[in-house]
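Have a look at these structures, which come just after this line.
The following pair of complexes shares a single chain, chain A, combined with chain B in the former and chain C in the latter.
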Partner chain A sequence: MERNFLDIAHMLAGGLVLTSFMLLYQDRMYGLLNVFALHAVVLSASVAWQAYIQGAPHLYVTAAIALVLKAIVIPVALHRVVARLGIHRTIETVVGIGPTMLAGMGLVALSMVVMLKATATADPLAREDLAFALSVVLLGLMMMVTRRNAVSQVVGFMSMENGLILAATGAKGMPLVVEISVAFSVLVAFVVIGVFLFRIRERFDSVDSQTLDDFRGERR
Partner chain B sequence: MDLIAALAIQGLQMALVLALAPLLLGFTRKVKARLLRRRGPSIFQPYRDLLRLIRKEVVLAENASWLFRSGPYMIFAATWVAAALVPTFATGLHFSWTADLIAITALIGTARFFLALLGMDVGTSFGGIGASREMMFATLAEPAMIMITFTVALVAGSTQLSAIAQFMLTSSSLRVSLGLALAALIIVALAENARIPVDNPATHLELTMVHEAMLLEYSGRHLAVLEFAAALKLLLYISLIGCIFLPWGLAQPGDGVALYAVGLVTYVGKLALGGFLLVLIETSIAKMRVFRVPDFLGIALMLGLLGTLLRFVSRSF
Partner chain C sequence: MSTLLANFSLEPLTAILLIPAGSAVLLALLPGYWLAARCNVLATLLTLAAALLLLVERPQAGTYLFVDDLNVVFIVLSAFVGFTTSVFSASYIGHEVAINRLTPRHLRFYHAMYQVLMFAMNLGLTANNIGLMWVAVELATLTTVLMVGIYRTHEALEAAWKYFILGSVGIALALFGTILVYMAARPVIGEGHDAMVWTALIEKAESLSPELLNVAFVFLMLGYGTKVGLAPLHAWLPDAHAEGPTPISAVLSGLLLNVALYALLRFKMLIAANPHAVAPGPLMVTLGLVSLVFAGFMLYRRRDIKRMFAYSSIEHMGIITFAFGMGGPLANFAGLLHMTMHSLTKSAIFFAVGHVAQVKGTQRMSEIRGLTESHPVLGWGLVAGVVAIAGFPPLGIFMSEFLIVSSTFAREPLLAVVLVFGLLVASGALMLRVHEIAFGAATGGTAEVEASYVPLFSHLALVLAAGIFLPAPLVAWFQTVARLLG
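So, the complex of A and B:
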């Protein structure tokens, strides 16, 4: 039974990595936001499962926060932002989808090798979950690097934060206060970024972050 | 006596895939029509279509070579052998030592090679486009299939389908790498059978068609044989997924007649479920642009690679 519990935890964490790849693959705004909501749903399922097998009821609160804030509130708000900015067209990625995917594979391989080497003596439940969590974080980071559209950079940031939560629940003993404050600081960050998006748009008539670089003096 | 029984069961399996393939096609068409709120033809319509085509006269292009006439039978033979090797209702059949995932991939590859040749034989531009696209997809779908094979083989310790099914029945643990392999196999199956996100099986004469473009010059019994081969290929992929990932209900060698009957009924159930899910996918998404397909298939390749990688890094995936 114990063995199966672990397997299901691994399945859910692996599902989160898979959804991160779906985020990388998705190149339409609304599709991206839907996949992001799915990402949060998988995260909350994973956290709830951890709560069940660790017997830690406070993790259920974390799962509920993830479900309500990240799977419902933030995607809906981003939907409205995208609609108001009028940018439901395709995202221009800096490199194509194929190379991005390959780089993502490399990142997953890297995080597996690093984590499994570094935590050779840790308990197996935490160990492999940490490896998955690190790859989710790295994939989110890569999404922020490869996308030029500010909204999809925000999505990359949020998915990175999901990876952090996965890591925190895998390693037992994260206090609930920290959990809640992280969740709310992400929400605050989201509000700030939302305001910022409209400011960028007002100033440059676009949310393409390339224009920021151009403005800094690399104008041709 | 044992030998006769074993051969009889093997023969039953060969006849079964042949008998069920058009029915599966008819079932998916019927369900699709119902989901689109149309009535749709009877689920036995593909049999009637095939019979009608067999009776019709063959119209050959003037510059058609011998390949054009013999190719359809080659394709049909390769696909039939591949479909009959997959354990459908029982494992450990008489020829199950040949039922190897790599061999099945190779048989499908052979059929595809001939199909591409036939598309180009008469020299029409549509056939050429179809053949070149089919090969473009194949360059990604085949390595993906091989990676899936490796992942499954690393977990189960064999590439032989009967052994894999046996392993899956006895081990109760869920594995991440197998989940990735399943997702990849579904993508490959959609692409190989020219189903909707990649190609539309229901239309002719679209500039984006792939599979139909290669068959455009065919008529009469040649067309019947090629359509039958396509139906067999769909059945092959659904039974492959069923055999590897849902091996419940498969009869073991030495079981009584009752267990074989149970195996048969569950197999038909699996086919119906697979057909239904396929139609559900098809009706809920739109066909993608041809130049987007390599990205889509690249995902299958990547998932297969990821599965193998996870398996290599840690035993417990």
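So, the complex of A and C:
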């Protein structure tokens, strides 16, 4: 019985890593947002499963927040933004998809090696969860680096936050304060970003952050 | 009301959090910038008074908040600079309204955010829970992002966006590190809140899993290091300083970098207390030296005056991180002193620069010439500030830099050579630029400065006084803290 519990937890966490890879090769805006919604659903399932096996009912709240906010509200809102700005076509990447996927595999291997070695004494549930969580964080980070578009940077950032929530729920008994605040910070972040997206549009007629780089003070 | 006040005087620790939080709400509702600016000054003055009370009586450590010898230094410093900056801000804001750069609606937002920032910084400094500390640093980051973007120009939006993205990545890495510290503490201390309480963690530090702590420290160093502005994670800092309102540049350089550094120091103490974990010193020394030398060279290529002093902040945060990384009573003492002096001097410089940019109508250094001719008081004030920050005797920064260099020479002569090289490169650049700005035939606007020079010169006077004579009780106090830091 215990064994199955762990296997399902690992499968869900592994599913989150897989979804992170799916985010990496999306080259259309709507596709990206849909996969991000899927990412949030997988996270929510994973957190709910943790709540069940740890017997920690407060984690269901975290799962619900992930499901409602990140799988429904934010993707729908971003869909609207994208539609209104007419930027639904292809996403410009700095590095090609192939090298990005290879680098992503490297990052996952790295986080497995580092975390499994560092947590040799910790319980097996937390151990592999942390390794998966670190992979998701690093993949999100890489996505932010390899995309120029502001919307995809935001999606990268939110997938990174998903990885952090996975890590926080995997750490058994971690105080609720932090989890709520993580969810809350994402909300705040979204408001901030929403404001910026519209302002950026007003000023530049584009949400490509490359445009912003041209205004570096040094080249004035 | 009187019972409320009585409560405040009894509990300075709650007061330094409640006063800014309450004022933030009040200032958000208060129309009219003239009154709001005065209320802002009053609120920061009350916070300063409460912070000074903390020196006298110290409350018992709680599970969420605590005050010890280390953080009280930071709290008093941040309350003081917060107060002088609010005085400067009152005169600065008046000019921005006069030239229509900011509307009254923006100002309500600005003043409320100023107090939220003070609240977040005080919360971060007094937090005894590593999760709460993280939340506070995140709140401070979000607040400053909004403030940096307040002018809504191309450059301001770029700066705010960049700051937001890089700051969030840093903060996310720091959270991962915090989770790892909790994981390390859980088997020893037990589940729940206790395993995130810093005072409990430091007591049990020897028995925490060293492997987890090692990995955690890398994440915490990179995460909070981004907020400290260490190279190569500094990219947000110059833009955020250059494009936001100048009072915010002063608070960013003078205070917020210190708060991030404080978080880093807390974790450094924790890792250092575990004999099996990796020594945190070398990583800090390396990042510190890289920041110092890198920023020293970058100073030569600056054309924007605020951007230049932002690079100088990177340089000095590098020096301070280096000093704390070296460790030992003398280097820690010098690091603390340098941090205090840097906060005072750098905010004074930004006060001067704010007025300069207003009277000349530009931040480009090539368009600012002969400042001592056109505005003698302001010009000489700026020159004095730059001479101080470049590390010339007899000012305070000279003394702290001298202590850092001499203690390093005694232990690691090779590192000291690099350190001195970086210091010389940086002061050369600063002197070169200030010479161009301050002397020669005056250009640009010659309008009178409608400002109070009190904040500028009170900071400079303190820095001068510290360079000539440090009172014995202050030295004894800093020495206690330096021993605490290990």
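One rule holds for everything that comes next: the second predicted complex is superposed on the first by the 216 of 220 C-alpha atoms of A that agree within 3 Å, B and C clash if a C-alpha of one lies under 4 Å from a C-alpha of the other, contacts with A are read in each partner's own complex, and residues count from 1 in each chain.
By our rule, a residue touches a chain if its C-beta (ideal position, glycine included) is under 8 Å from a C-beta of that chain, and two chains touch if they have at least 3 such contacts.
Treat the numbers as computed from the prediction; the structure is a model and nothing was measured.
The superposition on chain A brings chain B alongside chain C with room for both. Of the two partner chains, chain C is the only one touched by A:Met144; chain B is not. Legend: residue contacts after superposition of the two complexes on their common chain; A:Ala171 is shown touching chain C, with no touch to chain B. Comparing chain C and chain B on the residues of chain A they touch gives the larger count to C.
In the overlay built on the shared chain, the residue A:Glu128 is in contact with chain B alone; chain C does not reach it.
Legend: residue contacts after superposition of the two complexes on their common chain; A:Ile8 is shown touching chain B, with no touch to chain C. When the two complexes are overlaid on their common chain A, residue A:Phe157 makes contact with chain C while staying clear of chain B. Chain B and chain C never share a C-alpha pair closer than 17 Å once the two structures are laid over each other.
Contact residues of chain B toward chain A in the complex are 172-176, 179-180, 183, 294-295, 298-299, 302-303, 305-306, 309-310, 313-314, 316-317.
Taken in their complex, chain A has these residues touching chain C: 114-115, 117-122, 126, 130, 133-134, 137, 141, 144, 150, 153, 157, 160-161, 164, 167-168, 171-175, 177-178, 181-182, 185, 188-189, 192-193, 196, 199-200, 203-204, 209, 212-213, 215-218, 220. Those residues of chain A that touch chain B in the complex are listed here as 3-4, 6-8, 10-11, 13-15, 18, 21, 25, 97-98, 101-102, 104-105, 108-109, 112-113, 116, 124, 128.
By the touch rule above, chain C contacts chain A in their complex via residues 129, 131-132, 134-135, 138, 142, 145-146, 149, 152, 154-155, 157-158, 160-162, 164-165, 168-169, 172-173, 175-176, 178-180, 182-183, 186-187, 191-193, 195-196, 209, 211-212, 214-215, 238-239, 242-243, 301-304, 307, 364.
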